Amino acid sequence: MELARPELVCPAGTPAALRSAVDAGADCVYVGFRDETNARNFPGLNFSRKELEEGIAYAHERGAKVLVAINTFPRAGQPERWHQAVDDAARLGADAAILADIGLIDYAARAHPELRLHLSVQAAASNPDAIRFYADTFGVRRVVLPRVLTVQEIAALNDKIRPVETEVFVFGGLCVMAEGRCALSSYATGQSPNMNGVCSPAGHVRYVEEASGGVTSQLAGFTINRFGAGEPAGYPTLCKGRFQAAGRTSYLFEEPTSLNTLAILPDLIKAGVTAFKIEGRQRGRAYVAAVVQAFRAGVDAVMAGRALPDIDLDRITEGGRQTTGAYEKAWR
Amino acid sequence: MQEGQTRPAAKPVTPPFSPVLLLGMALRPVRPALLQPVFDAMLRVIRGRHPDILERMEPFAESVVCIDPVDLPFMILFEPHPADPRLVVRRAVDPAEVSATIRGPLETLIALAEGKVDGDALFFSRQLLIEGDTEVVVALRNAIDGAGIDLVEDLTSAMGPFARPARRVAGAALDLVAHMRANVETLRQAMIAPALKDRELQAARLSELEAEVRALRKAARGQDRRSRGMA
Amino acid sequence: MTPSPTSLTLGPCLFNWRPETLRDFYFRIADEADVDTVCVGEVVCSKRTPFFAPFVPEVLERLAAAGKEVVLSSLALIMSERELEQARELAAAEGWLVEANDVSVAAMMGGRPFVVGPMVNVYNEGTLAYLEDRGATRACLPAELPAEVIGLLAGSAKAEIEVQAFGRLPLAISARCYHARSRNLAKDGCQYVCAEDPDGMAVDTLDDEPFLAVNGTQTMSYHYLDLLAELGDLRRMGVHRFRLWPQDVDMVAVAALYRAVLAGGLDPAEAGGRLEALCPGAEFANGYIHGREGHLFVDADG
């Protein structure tokens, strides 16, 4: 069977990162507007309408696409802000909108039948019936798969849902819960990915220096982790903390670790995945350039039948640790 | 809100023994006011070449960020107010007057400003220390990263006709620092080796004490757990 | 104007209780509990399903005979072909109302009436209206919605709006089993250790602060939701159905407390005190409904 060449979908939190991603070989760049309409509504991040327009021009001149994530759930009583975001993405010539909310997808499909729609990972469509629902009723063309499926399950899924395309995460921060179905952040901080576009928001984070030279990371006053002097510290993302349960202290949900699938790229390509997504719109230009280059080289090597390049991404991974996550069944 | 806010005792990170530290020692007698023109120039660059930094910082206009290069004998206060931004050099800063502090070796801070290193990775590896309101720091990091700053290019461009020689000098200075690094590292290892031994003993005793405190705290917690949770 | 009658739903048991225990629990609910609707079905983990399956027919029969409306709840996270097949059977069940806890199940209903479960993301009028068009007659809203949003949805809904009012809140679902992980086991060889914690496994911070609870692949609040004091306000906003999540406490007595407050026969503060006595050791929270952090307890007059 001839392998289809997967698109490399890369993050950009700023215009500078967009240019870095395109220059490093991204096929697509995904971005969000500077408000709560997208799931990376972080301080100082994201695009104004004008920046998006310029970013799309920069990408299109170089043969790259721009996808706009509008993937939070509109607040009742004020859907206009989300509708406007979809309208603007369409008007400015975005190559697709990445959406999660059924009501918003319904709006986009009706108001902009020409706009290509991708289903955000935040919609957590984890089976063929859910995916077909979005494809058949709204014309969704591509689904970003939740990070809960193994490579084998993804291959089987692709066989059932063609011609709907799938996009999978290949690198970066790793949600251990089904995305879009997690309220841990709002339970602790009052702000959630679904409603506010943030998880474990920085405004609630405190690092407390201990007399011992260690540091304690807190989220909304809850201790999420404690590090010894010199021990690598992590951002207190709630599900990557150390907790006590059943008489043991452990990383109960997940270690502070990054997804890295470079080693299993051939399997993912064989599984028939259309696009590879790199997480990290909040991570800056240095990260974007390094990861995009690595995966560009990886994909090109696999497609050319060469051995995978040995690229060390240790220094940009969380806690210096990496995992292939749910793609291998043992993770569960 | 922000009930998690804590202000750690001002305990500066130990600066790495580096060429910049030596430079810092040399600068110790220099009054901060003498350095102020450099930062005035930098602010002009920000306003002229990177207005989007201030635009991205708009929600944090009233926040003051302290940037503390731990190997230099001064700190920089940044007030991102779009209409009236300020960049002020000071010998000392009271933690109460700033929203947040970023501490780290100068080279690391410059690399961060230029987007050459990943801020998250720096913090993961503890080369940077963040105190106070993390949200302001994240905003500043994102704003600066998005600006595409090149300090040498930016500053020398602000100097007009002197730009080319200045660029050469500045570039050479950074190269020199890099060259010196290797030698300095050898010296550092030799100097701190004896101190490290002592520290291990102290650390063992400390972790014993910590275990005791935890046991006591758990017992106390069990007693008041029955009470209804309070807002 | 006479207030509309208000209904109580007993949500599906989210925990892994022994099959006989669960059967007896439902028998007692059928015989004694003042609830209008009872949900039955495994929501959290398909590995648990086979154990209770033999008891389901008699449980449904007993509940129906007692005059309860019975709702069959679907799994929340559907990944495997086997799980899909079960969901299709559920959706095809004649004569029973189905609660869809995944979008795929809502799609399988093919326009027939169904209940939207709290694990489906209904955050706004647009989504609610779309699901109503697909046959939704009732929607139990997600845990994190504030009263203001609930009011807007209740105001625009054709479907009946249901609000979670008691018990540990389901906060997240995963492919990974944290109960197994806490014992260094893989999900495939989990030994069903989740059964050891009939109310979920407490998760404390490093500073011994109670924080979350784990129930297999599900993560829940440590705190028990208690909306006794908010029932009146929510009812005035147009909410006429409340959900009680089964905990390993006297649920007949819990239901009686909520019913008494709804009927105006019991002061909410007094009821709150009795609820504490019914749930020894539990801490309570109601922050979400007040637009705050979910773990907070906000005093009604505060």
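Annotations
We call the chains A, B and C, going by the order they appear; numbering starts again at 1 in every chain.
One rule holds in what follows: a contact is a pair of C-beta atoms (placed from the backbone, for glycine too) under 8 Å apart; a residue touches a chain by one contact, two chains touch by 3 or more.
The shown structure was predicted, so the numbers you read here are calculated from the model rather than taken from an experiment.
Among the chains, the centre nearest to the mean of all shown protein C-alpha atoms is found for A. Just count the C-beta contacts per chain pair and the biggest one is A-C. For the pair chain A and chain B, the distance between mean C-alpha positions equals 29 Å. Chain geometry summary: the mean Cα position of chain B and that of chain C are 48 Å apart. Multi-chain contact residues of chain C (touching two or more other chains): 207-209, 287, 292, 295.
In chain A, the residues that touch at least two other chains are 190, 220, 222. Those residues of chain B in touch with two or more other chains do not exist in this structure.
Listed in rising order, the residues of chain C touching chain A in the complex are 76-81, 83-84, 87, 102-104, 106-108, 119, 121, 123-131, 142-144, 148-149, 152-153, 169, 171-178, 181-183, 186-188, 201-209, 211-212, 214, 219, 221, 287-288, 291-295. Remark: chain A residues 13-17, 19, 42-45, 48, 190, 201-209, 212, 215, 218-222, 227-235, 256, 282-287, 290, 315-320 touch chain B in the complex. On chain B, the positions that touch chain A within their shared complex are 1-6, 8-9, 11, 52, 55-57, 59-60, 115-121, 123-126, 129-131, 133-143, 145-148, 203, 206, 210. Considering their complex, residues 73-77, 79, 100-104, 106-107, 123-130, 132-134, 148-149, 153, 156, 176-178, 180-184, 186-190, 192, 194-195, 216, 220, 222-226, 239, 241-246, 248-250, 252-254, 326, 329-332 of chain A touch chain C.
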